[in-house]
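Shared chain: chain A. Partners: chain B in the first complex, chain C in the second.
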Partner chain A sequence: MKVRLQDHILVPKHEILSKDKAEELLKLLGITREQLPKIKTSDPIVKEIGAKPGDIVKITRKSLTAGESLFYRLVVD
Partner chain B sequence: MIDKILSKYPFPESVKLEIKEELEKLNLSADKIKALVDRCYKAYTQNLMEPEEAAGIVAAQSIGEPGTQMTMRTFHYAGVAELNVTLGLPRLIEILDARKTPSTPMMTIKLLPEYAKDREKAKEIANKIEATYLKDIAEIEADIKNMKIIIKPDRKMMDVKELKMDVLKKKIEKSLKVDVFEEDEKLIIQVEPSYKKLIDIFEKLKDLVVAGIKEIRRVIIRKEGDEYVLYTEGSNLKKVIKVPGVDFTRTLTNDVWEIYEVLGIEAARNAIIKEALETLEEQGLEVDPRHIMLVADVMTVDGELRQIGRHGVAGEKQSILARAAFEMTVNNLLEAAIKGEIDYLRGITENIIVGQPIKLGTGDIEVTYKFGGKR
Partner chain C sequence: MVPKNIAAIKFEVLSPQEIRRMSVAKITNPETYDDDGFPIDGGLMDLRLGVIDPGLRCRTCGGKTGECPGHFGHIELAAPVIHVGYAKLIARLLNGTCRKCKRILLKNERKEKFIEEIEKRIKMNQSYDDIVKEVFRLTKATKKCPHCGEEQVEIKFEKPTFYYEGEHKLTPKDVRERLEKIPDEDLLAFGLDPKSVRPEWFVLTVLPVPPVTTRPSIILETGQRSEDDLTHKLVDIIRINQRFLENREAGAPQQILEDLWELLQYHVTTYFDNEVSGIPPAKHRSGRPLKTLAQRLKGKEGRFRKSLSGKRVNFSARTVVSPDPCLSINEVGVPVEIAQELTVPIYVTPKNIEMAREFILRREHPSANYVVRPDGKRLKVIDSNRKELAEMIEPGWIVERHLMDGDVVLFNRQPSLHRMSIMAHYVKVLPYKTFRLNPAVCPPYNADFDGDEMNLHIPQSLEAQAEAKILMAVQEHILSPRFGGPIVGGIHDHISGLYLLTHGNKVFSKEEVLQFIRATDVKDVPLKDAYTGKEVFSFILPDITLEFKAEICQGCEKCKKENCEYDAYVIIEKGKLLCGTIDEKAVGAFKGLIIDEIARKYGNSEARRFIDNMTKLAIRVITGLGFTIGIDDVDIPKEAEEQIEDVIKKAERKVDELIRAYKDGNLEPMPGRSLEETLEMSIMRELGKARDQAGKIASRYLGDENSAVIMAVSGARGSMLNVTQMVACIGQQSVRGERIMRGYTYSKRSLPHFKPGDLGPKARGFVRNSYRKGLSPIEFFFHAAGGREGLVDTAVRTSQSGYLQRRMINALQDLKVEYDGTVREQTSGIIVQYKYGEDGVDPMKSYRGKAVDVKRLLREIVGGAQQ
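This part shows the complex of A and B:
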């Protein structure tokens, strides 16, 4: 049985954002791509979902205070 | 209907749930619900952090003050008896320093349903995980006269650990790169006539791990609710999750660095929050999770674990003066002078040093006058 790292209770849901959605997001936040928090290509979850450098990963966190919160990270080398 | 009205407001999920719960009890008309939610939204916006507020300073104070009341003592036992766990201030420092290995690594291993209910099966897995040293299952003797090492395995211990003679033989051959001969229930290693080599091999044999995971020094089985849970001294997440019968999704370690390496940066962030909150809670201190979350966020923004301190967050500040004010003043100034660094005076610390208004709160708001505007 192959383990899916994303099933672990500590790992929130990671998704690759589509090109249009990424542009929309940057416009909404009024920032450039580089101003986003980063995630490395060597990150095990990035490898698992197959994100490439330059992609934006949408992370749906379970938050202690907000119930659910969205976070975005830029994939970098 | 409530959902439809609520969806128009940018409330966080937990607030939405709370409002919905209260509204369902009241059974109001649509107009009244709308008015009520509107009032809730006003109260919500008033309670939000204001722009330019010094969130980091507030977090630092909110964690720092309870920190003064924590125990300085390193050891103390928690929950699981007979397992030593670092707690209190030393543990909190360890978490924020993002140490490569904690001083007392520990794992909580949950089992799959078919193993968790049965003590015998739980024990089976515990045996597979716990490191077994050769000296635990066999007698090792050095025959100096004939330059031989004789290993006499204990039958009973071998059975308990489910080890076979030939497996043991192969294991020794592979890890020490020597030839092993089997002779009526004994394993014999013939060493070249060198006293030093004999002692060398003898010492290595004593510490040889023949079964289990090297880092896991001890496993304790405990019943929690209706399932058996394994607690370990020592930690190796990567290997433990591959053991059949272990429920990988619920298995945890207190080694944040290991979580970062195996499960990635987001899991590490969650682990920092969890560990820090647990440490504070155990000491009877209540710190709002928001402060810890901010610290965890700062430690993980770059996609790698950075410690709060000289080699991490504080040491990477752009401003020379801010770095010099923090730690190692002379070193920082000297290095900056050699490199010819420039301080743009954008941060807080450096502006206080030179005596300028800081860019924080109202200090960061500039008033502009629009000429000819309507009144």
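This part shows the complex of A and C:
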């Protein structure tokens, strides 16, 4: 039986950002890809959602102050 | 001045050629000055290295003292020596390369892979230390060269600068020869860029001599010259260097040369760092260790932390602080003596020239100390030249006048832990020698008046003054960004005073009330013969509507609101205090709901006005009515004492029972606890309960009028526990949260007064007396043990949290919230948070940490009519 990490309550929702959305985000923030926080391909959650180096992962976290907060990380090896 | 932008900084290692190229003089003579006190050519004070003696000119740039920045020289070392700073890296490199062919001990493909990885990291602006570390680990473990097949011998590195290949000792010369042969292509894998660094440069053949300006000599009163520690060290190096040369020329035996070589190595090593482990530090004649290059930079007293991160400033003053409730919270009282020394520049224009003249002409306080000509020359104003200078000034001059009422200054108390530790105040020049401040601003500075000193700084430009007024004024910091509530507010007597004024339905005569409100700016008062305290307090309230439970609230199960028998339910409607008592919850620092409401509804200026009025009113009330405590305030009637005695006796009996149950094995352990732990916990609980009961009895007999009780319940100072300890029973003393069981551990007792293994309350630090009754000698001892723990705790905590704070500030110092709400690192632009604090809320503008205060919004929209 394979356990899905995403089902665990302590693992926030991770999803791959589509090309258009990614470009939009970078434009909005006015930065290059390299300036984003990174996440390794060896990270279990990255393996699970099948993100490739260069993808941007959108993370929806629970937040004490805001209820829900968004975070973006660049996949690198 | 055109600002230059620094695009990047790159650190490289000086090559011998580079050292010779930047050198202006070859230094060979260990002497510094000749018999006439003139610098010797080729000596360490060579005039080409710059000048420190006034009157002489630099032979390189022609500048005088102060103009010439100094120039480097060099020493040609007779034999190569290891640079201590690179000793460890050298050891790694020697172990990472083949002893025969000097290639890296990795197959080409592996090497290329590592280099590729490193280059990728560099491109991504990330650290590649871990990869380099891995390379060193792998290469050291390789026993056979993959290129030439040579068996490898491990090179032992002995601190600080010695290398052994098996039994054979490597000289620095051997080391250098090996490093020279490492090919450029292999260096990349070790994390070295061959374009800027060659490993053989880690072994010095030529030593740079820093300019004299970096090591100035000082002239003692006796007229003797005292050289800098660095100069002493360089003298040693040159002397040994020359001796080595002479001995080699003369064909001295190998042994002597080797000894001299080692000595040279020692001097060069200590010249760089005099605190390396493994060798004794070089000492001054007096026995003091020399302060060499590394010591100049390192640590709290080093160049970085002492001279660059923290600098001494002009236009500042420091003295003891004392309270003055008559000052506004925006003001600071400055002694005349200080006001006459500190100055504010007046930039003379046609419009203010007459005023500037007047300052120059005045002989006392608001006068002028200096005038500055447009060419920057400062002229001191003295009685004999006043008239002359007053005539001379023209637009474009600067007159430095004394500090006066109304000037803005920055006021600071260390440790500056948060931004409220430095705030802008308006000057009020006062007699006597202390800085005066309104006690309501003690909380942000964490100041008290037991001898605290504070610093004062005068902004010198109009821009700085404007910025201080707009951003740093005390009134702009009434609401704290830490928790979104007021940090400036009433303390101690302010709270007691307002409690006395507003509690219950006290009535004051017209005369009394006029005295109370005399110092406030209240103008329109309805004419009456007598006023209630609540009416008086309402005079200083702006139009606000508020409802809350006061600090004195007893937490009844069902709140009776306006019918509260303790007068603890505060209702303020349209600026009128209808019922309830004003205490810490209403006007105190950190809590102050009224201050909070005024600051949000009417802004900082109105909040300041309220605090000013409130402190003045409270102080006048408390001085008018009188508020004291004495020993008889903690006296209780005999019957109360008997009751307390009863309670304690009962508790002691209960504890005895518990102990007996434990000894007989009848004690039932609590879940997850051992029998002993269960016993300890039950005893502690029993004794704690007894003390609480004693406290209840005591406060019942003390009544609500007792000053200590008033202070405790209103939140002015102290707690009911403190009152209990004074009146009824001090209770269990503890060390590390447990009853005191240290001392004669082998005989299982804390003092020889008890039987071994005695578990009773007395033997374990229960103090049954009150401070009023006094402690028995044994109780006193236990009390001291408990007290000592508190002292040690605070001492340890402050030092630890100080270091923690330092590390945190270093880590966070260049994070900034950008206009788009993201938090970014300033130099690299890396994003840390996509929205500040995840919700994008400025805590200072939040309501106690929450983004919106729904209750307040509701009240504003629906009006006071709800409920």
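Just so it is clear, the second predicted complex is superposed on the first by the 76 of 77 C-alpha atoms of A that agree within 3 Å, B and C clash if a C-alpha of one lies under 4 Å from a C-alpha of the other, contacts with A are read in each partner's own complex, and residues count from 1 in each chain.
Assume a contact is a pair of C-beta atoms (placed from the backbone, for glycine too) under 8 Å apart; a residue touches a chain by one contact, two chains touch by 3 or more.
In this text, all values refer to a predicted model and were calculated from it rather than measured experimentally.
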{"item": "Chain B versus chain C as contact partner of A:Val76, first or second or both or neither", "value": "both"}
{"item": "Which superposed partner A:Ala66 touches (first chain B, second chain C, both, neither)", "value": "both"}
{"item": "Touched partner set for A:Val46, first chain B, second chain C, both or neither", "value": "first"}
{"item": "Partner chain(s) touched by A:Asp7 [first = chain B, second = chain C, both, neither]", "value": "first"}
{"item": "Most chain A residues touched (candidates chain B, chain C)", "value": "B"}
{"item": "Which superposed partner A:Leu29 touches (first chain B, second chain C, both, neither)", "value": "second"}
{"item": "Partner chain in contact with A:Pro37 - chain B first, chain C second, else both or neither", "value": "both"}
{"item": "Doubly contacted chain A residues - partners chain C and chain B", "value": "37-38, 61, 63-66, 69, 76"}
{"item": "Residues of chain C that touch chain A when the two form their complex", "value": "123-126, 820, 822, 828-832, 834-835, 837-841"}
{"item": "Chain C contact footprint on chain A (complex, rising order)", "value": "28-29, 31, 34-38, 61, 63-66, 69-72, 76"}
{"item": "Partner chain B, residues of chain A touching it in the complex", "value": "3, 5, 7-12, 14, 37-40, 43-46, 59, 61, 63-69, 73, 76"}
{"item": "Sites on chain B touched by chain A in the complex", "value": "12-17, 241-242, 248-250, 252, 259, 261-267, 270-271, 273-274, 289-290, 293, 297, 300-304"}
